[in-house]
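First subunit A sits with subunit B, and in the next complex the same chain sits with subunit C.
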Partner chain A sequence: MFNARITMPAEAKAGEIVEIRVLTRHPMDRGGQSDGKGGTVPRKILNRLTATYAGDQIFRFDMHTGVASNPFVSFTTRAVATGDIVFEWREDGGATYTRTSRLTVT
Partner chain B sequence: MALLALPAAAQVKSGSEFLSPGMARQQADETRNPGFFWVEQGEGLFSARPPQGQACIVCHAEPRQSLRGAATRYPQVDAASGKLLNLEGRIEQCRVERQTQPAFGHESAELLAMTAYIASLSRGLPMDVATDGAAKPFYEAGKAFFERRQGQLNLSCQQCHDGLVGQKLRGDTISHGAGTGYPAYRLEWNSVGSLHRRLRACSLGVRATQFDFGSPEYLALELYLAGRAKDLPVETPAIRR
Partner chain C sequence: MSSSISLRSRAIEPNRRAVLAGAAAGLALAGLPAPAFAAGTPELSEFVARITEGAVPLREGVTLAIPPLVENGNSVDVRVAVESPMTEQNHVRWIHLIADKNPFPDMARLHLGPRAGRAEISTTLRLAQSQRVTAVAALSDGRFAMAEADVVVTLSACIDGG
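Then we have the complex of A and B:
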């Protein structure tokens, strides 16, 4: 069910500030409901989004149960070198999802 | 009795007209409207080959052209069975009869995604359902449903959605009840849902009988609402509160 839409310019001049928008499809189930068998449904949310660019972590977003389903976040970074920006989400239970988006610096 | 002073169904406006400016911008922005995830999923399902039978795209090649405008003509009467079908009903019919696959089921993520995808191919085109001929009895039934007082609160749809449009109900603004944005991403649901899911919420609100998804009552009402919304553009996937 996970999916992501990353919107950012494909090209930028060195030193330019680029805006990166990340929309994610995820139910962000905060858990705690009855599972109908005497137990409760465990929490299952994306608890962290990180973005790595040119060897550095440029953004980290720790998410908690107050974040709604299908979270949207936008942030900016400075274009320094041509390369992939790697987005990684960490889900409760240990699963991770990765997307990359290329930024060409002119 | 201001409640009963009903203006003739004046200019019916799209639900988007009642959104806050911020939500209207979010709806128009593909990078921020989560409904497009369902459209994307539907696009994938449309060309995915099921275990037996053929993918949708084998018959409906070039869906951007061949299915453009299809959603503006639903609900419509199925010539073979004489039943009223909405877009969900037509997709399920195609899936069961032609692809010989088990039906997706109402409100399943797959059916919502397919419906959202096919409706999104008609974005911006004016609604144009047939309300005469074979569709006339259904349209009349839908109109009667819209005008009939029902539920513990003894309200008809018309009393609010014609008579009190623009006024507040709880935190929201009462609209004309045009379903042109459905399946829509509703903030209350945190998800995309069908028009019938929305109608069930309305029925619950006036403490009336909630009919099933795809029930004849809601199908007729959907046809009446689509007839009222004639010439309004399709906006699927819209964002609604």
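Then we have the complex of A and C:
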């Protein structure tokens, strides 16, 4: 169900602004449809994406039902130190998914 | 036999004519009022006021790039850029995206900070129908800025399916 493709440069000069593009595979089910048994399907979307880099949260994306399925987001950050950028998604129901991407600063 | 059919059809005729006339009148009425985008609708200003806690946002410095005509409301590319030096003292705290005619008008909030370098984001949204999309940016000095764009959606992201 969940898959993520993170596109960003592998290395950057210190101080350079790098663009990070994150394409996630997720149905982002907004819920409310009939489940065929008299009830409704509960909402199940990724409701938050956070990106942490060099000890700080650099980006947070609060998602509601207005975000498309297979959501895409791009943002920027300034390259400060070689390290992992950690992406963490939170799904309705409490599941979390984590991916990391390494940025080498020269 | 044939006479009874013709009688019946004659009896039906006025009804059908009335129905057609009524439908035509309804179409004409539907076409007349309610321009597609009433500028500054009260609902939209309420949504914005709730987000800015009553502050009136500036209408400058925010670029909201969204196609004016989209075929598929299920996935609409949007890009928001805010003029900001993105320093510790002066940066964009977050960008909030509103579609006032969506079932849930608050679509997304993107939190940035001084380490972003640039206040520029893009994402994909769902639009339930043709409407005005609003981006509100919260600045670190407590002010807000916003931009709006009208979007015509030919295939809506409807409640069922999709």
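As a working rule, the second predicted complex is superposed on the first by the 106 of 106 C-alpha atoms of A that agree within 3 Å, B and C clash if a C-alpha of one lies under 4 Å from a C-alpha of the other, contacts with A are read in each partner's own complex, and residues count from 1 in each chain.
The definition used in the following text is that a contact is a pair of C-beta atoms (placed from the backbone, for glycine too) under 8 Å apart; a residue touches a chain by one contact, two chains touch by 3 or more.
Quick caveat, the model's predicted, so the values are computed rather than measured.
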Taking subunit A as the common reference, can subunit B and subunit C both be placed on it without clashing, or not? Answer clash or fit.
fit
Give one of first, second, both or neither to describe whether A:R5 is in contact with subunit B, with subunit C, with both, or with none.
first
With the two complexes superposed on chain A, say which partner A:G32 touches: subunit B (first), subunit C (second), both, or neither.
second
With both complexes superposed on chain A, which partner does A:R60 reach: first (subunit B), second (subunit C), both or neither?
second
Looking only at subunit A, is it subunit B or subunit C that touches more of its residues?
C
Now for A:R78: first (subunit B), second (subunit C), both, or neither, which partner does it touch?
second
Taking the superposition as given, does A:S69 touch the first partner, subunit B, the second, subunit C, both, or neither?
both
Let me test your reading of the model: by the given contact rule, A:V105 touches which partner, first (subunit B), second (subunit C), both or neither?
neither
With the two complexes overlaid on chain A, what is the closest approach of subunit B to subunit C, counting only CA atoms, in Å?
5
Need the overlap of the two footprints on subunit A, from subunit B and from subunit C, as residue ranges.
68-70, 72
Subunit B residues within the subunit A interface of the complex
30-32, 34, 36-37, 40-41, 109, 190-191
Subunit A to subunit B touching residues, read off their complex:
1, 3, 5, 7, 21, 23, 25, 27-28, 68-70, 72
Of subunit C, residues touching subunit A in the complex
74-77, 97, 99, 102-113, 115-118, 120-127, 157, 159-161
Which residues, counting only subunit A, touch subunit C once they are in their complex?
17, 30, 32-33, 53, 56-78, 80
